[in-house]
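Okay, got some structures for you below.
After this come two complexes, each holding subunit A, first together with subunit B and then together with subunit C.
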Partner chain A sequence: MSFVKSREAILLAAIVLLLGLIATRFPAFITPHNLASVYSDTTPLMILALGQMVVILTRCIDLSVAANLALTGMVCAMINVAAPDLPVGLTILIALTMGAALGAINGLLVWKLAIPPIVVTLGTMTIFRGVIFLLSDGQWINAHEMSASFTGFPRQVILGVTVMGWIGLAVALLMALLMARTALGRSFFAVGGNPHAAVYTGLNVGRAQFLAFVISGALAGLAGYLWIARYAVAYVDIAGGFELEVVAACVIGGISIAGGVGSVLGTVLGAMFLGIVKNALPVVDISPFWQLAISGAAILIAVAFNARAGRSKGRVILKSAEHAQ
Partner chain B sequence: MGTGQGPVAAQGAVLALDRIIKTFPGVTALDQVQLELHAGQVTSLIGENGAGKSTVVKILTGIYQPDGGQILLDGQPVSFPTAQAASGAGVTAIHQETVLFEELTVAENIFIGHAPRTRFGLIDTAQMRRRAGEILASIGAEIDPGVKLKDLGIASRHLVAIGRALSVEARVVIMDEPTAALSQKEIEELYELVETLKAQGKAILFISHKFDEIFRISDRYTVFRDGQFVGAGRIDEISESDLVKMMVGRSVDQIFPKRAAQVGDEVLKVVGYSHPTEFEDINFTLRRGEILGFYGLVGAGRSEFMQSLIGITKPSKGAVKLEDHVKVIRSPAEAIEAGIVYVPEDRGKQGAILDLPIFQNVTLPSLGETSNRGFIRMAEEFALTRQYTQRLDLRAASLDTTVGSLSGGNQQKVVIAKWLATRPKVIILDEPTKGIDIGSKAAVHEFMSELAAEGLSVIMVSSEIPEILGMSDRVIVMREGRIAAELEGEDLTPETLVRHAAGIGVKGEAA
Partner chain C sequence: MKLAKLLTSAAVAAGLFAGPAAAEDMRIALVVKALGIGFFEAAAKGAEEAASELGDVEIIYTGPTDTTAEGQIEVINALIAQQVDAIAVSANDTDALVPTLKKAMQRGITVISWDSGVAEDGRQAHLNPSSNALIGNMIVKLAADELPEGGDVAVLSATTTSTNQNIWIEEMTKVLPNYPGINVVGTVYGDDLADKSYREAQGLMQSYPDLDAIIAPTSVGIVAAAQAVVDAGKVGQVNVTGLGLPSEMAGAIESGASKSFAIWNPIDLGYSATMMAYHLAKGDVEAAPGAEIEIGRMGSVTLDETGSAAMADPFVYDETNIDEFKSIF
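Entry: the complex of A and B
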């Protein structure tokens, strides 16, 4: 399939069109400086969506990502309060590890107990939020309690883009490498595309799903630190409901909910689309409440579009089968 | 033989097919076949797999439309453009795998789609239960119409399915291999039911591979072979062996490119393989360069055994010796490692990953080989794919094309290429030519022969007698989960295959 006809190209065109529309009412929105800040703001959504992408590819779903983000973020903040001099690199390592461990809980329940992923992650989502309350006693951790290096790191600007933005880019590139060039990445597509065939091919479907949850968890943990540090506050309800936005970014980005179809670029563009909508609506004087309606409409359009693309492919199969005689 | 008088006048027949033709692209499924069903009689339709039995059932029940010929109901031409039209005319079928609804009650299952209504257009539950009870009583089934289907055993479910078939004013009842999934006791009960239906004057079309039951319950027989009508008559006027001959006796006009095999040393030895429910005590050896055929009726346990051999299900007993090493194969990955690969029957479901491009399908089990330090090298992937797809003469615009957009024959080639790329020692092909056109079939046979000539050992599971006879060096016949016979040389004839597979007059003679 040539790029011009691909889902990614159409989504990119939609984003350019959207930016054009916004520019007619508020030209300053498309200055490089503003776009860079919109990108930075969207980074946590993008990182979470890239993790979610892997999970959805294997025919699962991870509803616990936002709760994982909040729990890991709270733990990072508490560690920072207890040990303000801990190097940021170590904090990030702790965030990744803890996120991965929480993801592994989801993965093990799906793999070993064969509980449907939506049920598992709905459960762990609630449990993670509850644990935050237990740890924090319902108290907030505010900016003045955190060390300057802890909150300052993601906001440092290098070449016009924040460190958080650069981390997002690095994650996207690493994920692209993982999906395109490793056996593990390939196995995610195979397991989601046809689990029966994957079994015959010697792949372990449950193990692939487990690893998908670990990746999703690790990225949620990373986003947890970035979020808490960027907004310099940690509390129980942080990023509440954000998991739905993450799934929406994946769906808009062309990740098939049925599994096996999707790309890193599509996911990144899906997250960017939502990020732009979210940032642009206030400046063009549209109530933020419209944002939900617009996001919802974008999801339905994307799903309808993907369904239609899938159907026309079916027709081609029949024709070629007829002519193959 | 019964019908020498040309076009059937269908004297007294409730339902008759007259010179029915049905073609599919590249295949003539039915070539001017005829069939008569009489009130109060059981007619058995007999034929090998591919003889056209299922197509006839689909035409009788309005699922397929004939391309030529007539359907006669009471001697009058009719057409069944839809399934509703057929059931409205009183033709009803009990399928091999009947579709019932677990969470609905027995009465709801029986009347789904045509439930009695109250004055207000709502479902009349009371009347529905009462009538369901009457129908079940008429077939001697003691089932409460109010219980949910999921609470019933298989035999009772079958009775519900029959009740559903009878809930429309049925005159013709089609039973497609009704005993395939039943125990001996349940089969006896089914026979009694057939007698009941006969006594009620229904015309019954009975499809079965089991000769004992054909002779036990039929009044008449009709034999098809390769989509053509071979003969028909009264069951008490024909012998078992004549029936077998009618069924398989074919002009051997299909050419199989089997080469004289250079059969070498023993590669694989299977000892005492057993499974609690699927198969028992499977023993055989396989030599280098040999094509070993596995023949049997549907449900004889061949595929189940093969899946166990490659580690998808676990055997309860038994061992595998591969080139003098005893191996335990616990997963498909270990089977691939050991050099045993399995090309499944159902390509769409078990074979290819349709959303992935050709090259990613082919290299999926061989990624270790196309990777360097954990990273896949695409150039090597393409090279490996090209090597095998060219050999198989796979036609595709590019190796980047998704497998879902290829024709069935080409999809099969992708799956075979995938397994050959792992350089196996033993390749198991399950129904390798099922559902592909004649041209592609010949190519698959040719290729199988080449593989054997190069020293690969092939196990071919097939239900097609010409293919088994034409391609195999040796044949193992399975029946009801056991090896019924091992045949080679002069013993390998269509008659011996059918006799061992169906268990006719060979008791005590099995290998």
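Entry: the complex of A and C
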């Protein structure tokens, strides 16, 4: 299929159109500097959406990503308070490991106990938030308690883009490689597209779903550190309700909720679309009472576009008969 | 013989106790939501200050170990048994404490609530740390004080439906004419989410390049706005102010993103609650609507029709006192 007709192309066109519309009301929005900052701001959403993509591909859903982000972020912040001199690289490693471990809990429950993923992750979502409360006693960890290197790392600017943005790009490239070039990546598509066929080809469906949750968890953990460092504050309700934005980004990006269909580029563009809407609303001077309705409508329109683009035309198997009519 | 001895010692004991009884210390119990919370430890400090000022007052600082109404009921029952003269309570539940506090009042104990109130029949008077009108005035005053020439300010609130914030903003708008030159350019809503508040603050700085101050009457918003100002490199250009907690705002004061902000002062609150309980227990003043009660260095308060009073303007925190308070609450 040519790129021009693909979902990704339509979404890209929608994003350009959106930017054009915003520029008519607030021209400074499309300066390179501002676009770079919008991209950086969208990075956590993009990272989470890429993790969510893998999970949705396998016909599951992970509602605990935002809670995982908050819990891992809180733990990173607490470690930073206890050991301010810990290298940032190690903090990121801890975040990835811990996030993966939390994701593995989801994965194991789905795989070994065969509980529906939506139930499992709703449960762990609440549990993770509860654990943050237990750990932090409801107290905040604030900017002045965190070390300068901890909060400064994602903000450093390299070639006009923050380190956070580069990390997002690296994650997207790694995921693209994983999905396109590894047996594991292909197995996610196979398992979600047709689980029965996947079993006949020797794939373990449960194991693939487990690994999808681990990947999603690890990325949520990474985003947890980035989030806490970016906003320089950690408390129980960090990123409350963010899991729904992540799912929305995936759906806009053309990931089929029924599993098996989707692409890394689509997910990245879906996250960008939402990120641009979120960043533009405060500056285009629209009443705050309208903002929620507008951002909801934008999601619906994007999804409707996608659904139309993705609709199969039906296959004409008897060309000669058709012409005969 | 033994009996006589016992009687004598009893008499001696009675004599011993009778001596100071003429000028017996009034015992005021300060019951807090839970022990070990910095805010209440500071309130206790204020209560002690009031006690030493009054001279004939003994403060019993107590409370449960966790913030439950059951725990407070136990504590209050023990205080009734000890026959204290007054109980000043910051309640964990508006209604649950009422029966126990009623019992205390029947025994002649003066009962007031402060900070977090109890229902009207459970206390004689209630002391609010401040009032909506005072808060509304304070948040714009903080911005105006840094802008002698006037300037553009914007409000970053919580959600569009947050009752407290909406009332404060309304009160602020009422007193705005008293601050000539201060121009409120807009109100945005960060929904008390750190990331949305941050983005809204960023948006304000982009939409209004000449913005001089952001007023955030919410503790999440003020911290996020301060961070956004630092990240935008606009420290010194845009002043973030409003309501926040010293422990959360210490970084923003240090970076200069916020010159000052306000919130109640727990020391003053403990002090005033003690003063109020003292005068009511002493019978200096009857707890009735319209009654004016002296609260020492804080001036005086007047009870409204619900028996509530507002202590004072929110207390202003800036670089001169932030270090003292950031470890308290």
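Keep this in mind: the second predicted complex is superposed on the first by the 292 of 325 C-alpha atoms of A that agree within 3 Å, B and C clash if a C-alpha of one lies under 4 Å from a C-alpha of the other, contacts with A are read in each partner's own complex, and residues count from 1 in each chain.
Here is the rule we go by: contacts are C-beta pairs under 8 Å (C-beta built on N, C-alpha and C of every residue); 3 or more make two chains touch, one makes a residue touch a chain.
Every value quoted in this text rests on a predicted model; they were computed, and no experiment measured them.
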item	value
Which superposed partner A:Asn142 touches (first subunit B, second subunit C, both, neither)	second
Touching partner for A:Tyr200 - first (subunit B), second (subunit C), both, neither	first
Touched partner set for A:Asn279, first subunit B, second subunit C, both or neither	second
Touching partner for A:Pro288 - first (subunit B), second (subunit C), both, neither	second
A:Ala28 touches, of subunit B and subunit C: first, second, both or neither?	second
Residues of subunit C defined as touching subunit A within the complex	160, 187-189, 192-196, 198-200, 202-204, 206-207, 223-224, 227, 231, 247-252, 254-255, 326
Interfacial residue positions of subunit A with respect to subunit B in the complex	177, 180-183, 186, 189-190, 193-194, 196-204, 260-261, 313, 316-317, 320-322, 324-325
For the subunit A and subunit C complex, residues of the former touching the latter	26, 28-29, 34, 37, 41, 140, 142-145, 155, 227, 231-233, 237-241, 278-279, 281-283, 285, 288-289
Residues on subunit B engaged by subunit A in the complex (per definition of touch)	25-26, 310, 312, 331-333, 335-336, 342, 344, 349-356, 360, 364-365, 367-368, 371, 374-376, 378, 404-410, 418, 437, 439
